[in-house]
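Two complexes follow with chain A in common, the first pairing it with chain B and the second with chain C.
Up next, the complex of A and B:
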């Protein structure tokens, strides 16, 4: 029992990183109703820029963080212009496929610029183990968890207390009506990409500095974990993304403890299948999907 | 005030408006009647900047606003209450209303807050439900919300696309009461309706549309005197 609870604590801590990735996916999906597969790879490229600054210029953590976030935002905007702005809004499959093509392109770029593949990533957090009763927690996981909470609070303020945040939710909620209100959806989409990429860059920085290394596979990893966590929670739902991320973290931590690394990776996909069969709308999604349908059927 | 002059609007190869002209006068209720596919909604969409016209001219007062993008049209003072209301289902009633003022500049904030209060006074039921999601409102309340949201833009002219669609008769009456009240307060209205009887009661001027053209234009009395129109649109029993 103690083991299980310990795993849950670890899972929640690490799951907060998944939650951030899922948040990025779900926010973009909510606004565009399209999937951006190259979200993970654009974070990977940002992380490579961060590690490049770290190796060549400065050990300063803030500079590395800035390099990571700014590069991720720049790559995110590049993806938005090519895959989503240039492709017609209703061509959802075309956008998804082109975001996949950009993914491959970004990985190639990373491999050519930094051919050694595995690079150290600066650890921002000093690693100590903190005892809480019978349990223990790694300090970098606590920092990651707390920073995630802070980021969530900021995002919430942005979405619910500011004008651009309101416009963003309006476009996500009813694109046609938001156009009638005089909201320019293409500039809102651009804004959404910038915000989401900044979150992604921060998430990447937090996850990688807990890992202390970056590889070109981080893009694939981030896209997979983010997508799975989003599907678990429910597409387009922000609370769902957080819950999905934490659930994924907890399940993986337990699977790792009781079964080892291979079982951990399988457990994520198994969990996704079970969820898609039992609750296709995800933890939170189904309710919202049903309510939305009800609203549209009534009109 | 709002003048549409000989506009042609196409969906691909299909010509939906074939040289349509009309005028909505200041302080009046102007009504577009006609069967499905006559081009009523297309006319509103072309004015609102959601569709581009192929030729022709749209003017508001002295300004030529032909083919302006939608956000600019809203800023010019033309607001649309869309067909099926199209409220934001997952935003609160209050947020729906605030979104309606989105085209107004940031420095308008005190006036926007005052207008919000005004909307709540006009529609007390929206105030009761201000924290609820828009999607949880009844059809009639959603229609009030859509009207309130459009008013938040402080429009010079309010365009309404079939506000009675899908509502119970008693609610339809309520919506039309709101329309005539708004008009008495000086709001100019361009109304698209299929419910000809209700429209005739509030309209000052009527345009009949068919196949993308105006086939009749006159005031309600002139319309009722025209026997052919009366048979087609109002049924035999109406006097």
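Up next, the complex of A and C:
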């Protein structure tokens, strides 16, 4: 029982990283109803740029963070203009495949920047183990968790207290109606990509500095974890993305403890597969799916 | 021998075309599958076990592997195609990753001629020696691959001209329309998924025997997304579209060896640019229609 609870604590701590990635996916999907496969790789390129600065230029963590976030945002905007803005709106598959082609491109650019397999990533947090009763928590995980919460609060303020946030939600809710209200959906798309890439860059920085290394697999990893967490929570739902990320973290931590790395990965996919069959709307998005299904049944 | 090298590329194009065709069949029915590599992989393992460990002839193993793949595809389709769209795509991805990870745990070895042979988890499955044991040359095996490919193409053309093919395309255009016609979309989508699984399976068994060595990592998501991309690059208007996509990718990348290290930067950018102007590929429905008319007029005049 203590083991299980300990795993749950670890899972929640690490799951907060997944939650940030899932938030990015959910926001983008909500606004454009199209899937951006190169979200993970663009974060990876940002992290590579950060590492490059760290190795060649300065040991200053703030500079590394800035390089990571700025590069991620720049790459995100590149992806947005090339794969989503320029491609016809109804060509959803074309956008997705196009973002995949750019993924391949980004990976090669990253390999040119830093050709080795593994690089150290600057640790932002000092690592100490804190005892709480019978449980242990690593301090960098607590910092990551707290920073995630702060970021969430900021995002919430942006979405629900500012005019651009309102416009963004309007476009996500009904693109046609928001166009009639005079909202420029192209600039909203741009804004959404910039915000999401900034979140992604921060998430990448936090996850990697808790891991203290970066590998070329990070792009694939980030895209997968973000997608799984988003689908678990419910596509297009912000609270769902957070819950999905935490759930994924808890399940993975327990499966790893009891079964090892392969079992951990299999159980994550099994959970996703079963969730999609039983509750395709995820933890909180069931209502949206039910509404679509009802509209479909009426015809 | 340079000749063999060329043949390997050509046979590679043939085998990858099969998985691209399977993704294409689902694409024209309006579903994106991220999981065709699972059926390719299931059949590769099953077919290779059948010839190497059980001593079956290749064609029986081919049918066995592909049927198993079709069965798995039907099972996944039945479970997931009720809720389509992105849900289906992600569910197929989850299934394919489960298959790939399970292959890491699959160990089934039999002693043949004093050697342990068979799938051995992450070590992979080597010594798939059917080609050598039966004295099949690279050229002959390439012909076998293209024979199978032609047969599949022939069947797909027949399907596309039949009412079934029409229903597939209608599903891709507007599933609601299909329902208004009194047809059950789920049933036809599952049919498309089973057919697609079988076609991917044909490619899988052929692939295992051509390479003589397979490992779980070969059947990862990259294979699946590539096979999707082939249909979209080549065009969704005709069965020749995916073949064109594969030929462009493998052929183009081979000829780009000169700029080693920058291939994906060039190719990825080109694909992204192309999709802006041709969102349904080079040979899309309109272009195929116009080409057909042009050919018809040519012969009439």
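Everything that follows uses one rule, which is that the second predicted complex is superposed on the first by the 287 of 299 C-alpha atoms of A that agree within 3 Å, B and C clash if a C-alpha of one lies under 4 Å from a C-alpha of the other, contacts with A are read in each partner's own complex, and residues count from 1 in each chain.
Assume a contact is a pair of C-beta atoms (placed from the backbone, for glycine too) under 8 Å apart; a residue touches a chain by one contact, two chains touch by 3 or more.
On a predicted model such as this, the values are computed, not experimentally measured, just so you know.
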Which partner does A:87 contact after superposing on A: first (chain B), second (chain C), both, neither?
second
Superposition-derived comparison: chain B or chain C, residues of chain A touched
C
By the touch definition at the top of the document, which applies to A:149: first (chain B), second (chain C), both, or neither?
neither
When the two structures are overlaid on chain A, which partner does A:272 contact: first (chain B), second (chain C), both, or neither?
second
Which of chain B and chain C A:5 touches, first, second, both or neither
neither
Now for A:235: first (chain B), second (chain C), both, or neither, which partner does it touch?
second
In the superposed arrangement, which partner chain does A:102 touch: chain B (first), chain C (second), both, or neither?
second
Contacts of chain A common to chain B and chain C in the A-superposed view 296, 299
Hey, which residues of chain C end up touching chain A in the complex?
27, 32, 79-80, 83, 86-87, 90-91, 93-95, 97-98, 101-102, 104-105, 176, 179-180, 221, 225, 228-229, 232-233, 261-265, 267-269, 271-273, 275-276, 279-280
Okay, in this complex, where on chain A does chain C touch?
35, 37, 82-83, 86-88, 91, 93-98, 100-105, 107-109, 112, 220, 227-228, 231, 235, 262, 265-266, 269-270, 272-273, 276-277, 280, 289, 293, 296, 299
Of all residues in chain A, those that touch chain B in their complex:
163, 166-167, 169-170, 173-174, 176-184, 288, 291-292, 294-296, 298-299
As the complex stands, chain B meets chain A at residues 48, 50, 70-75, 80, 82, 84-91, 95, 98-100, 102-103, 106, 133-136, 139, 142, 149, 153, 166
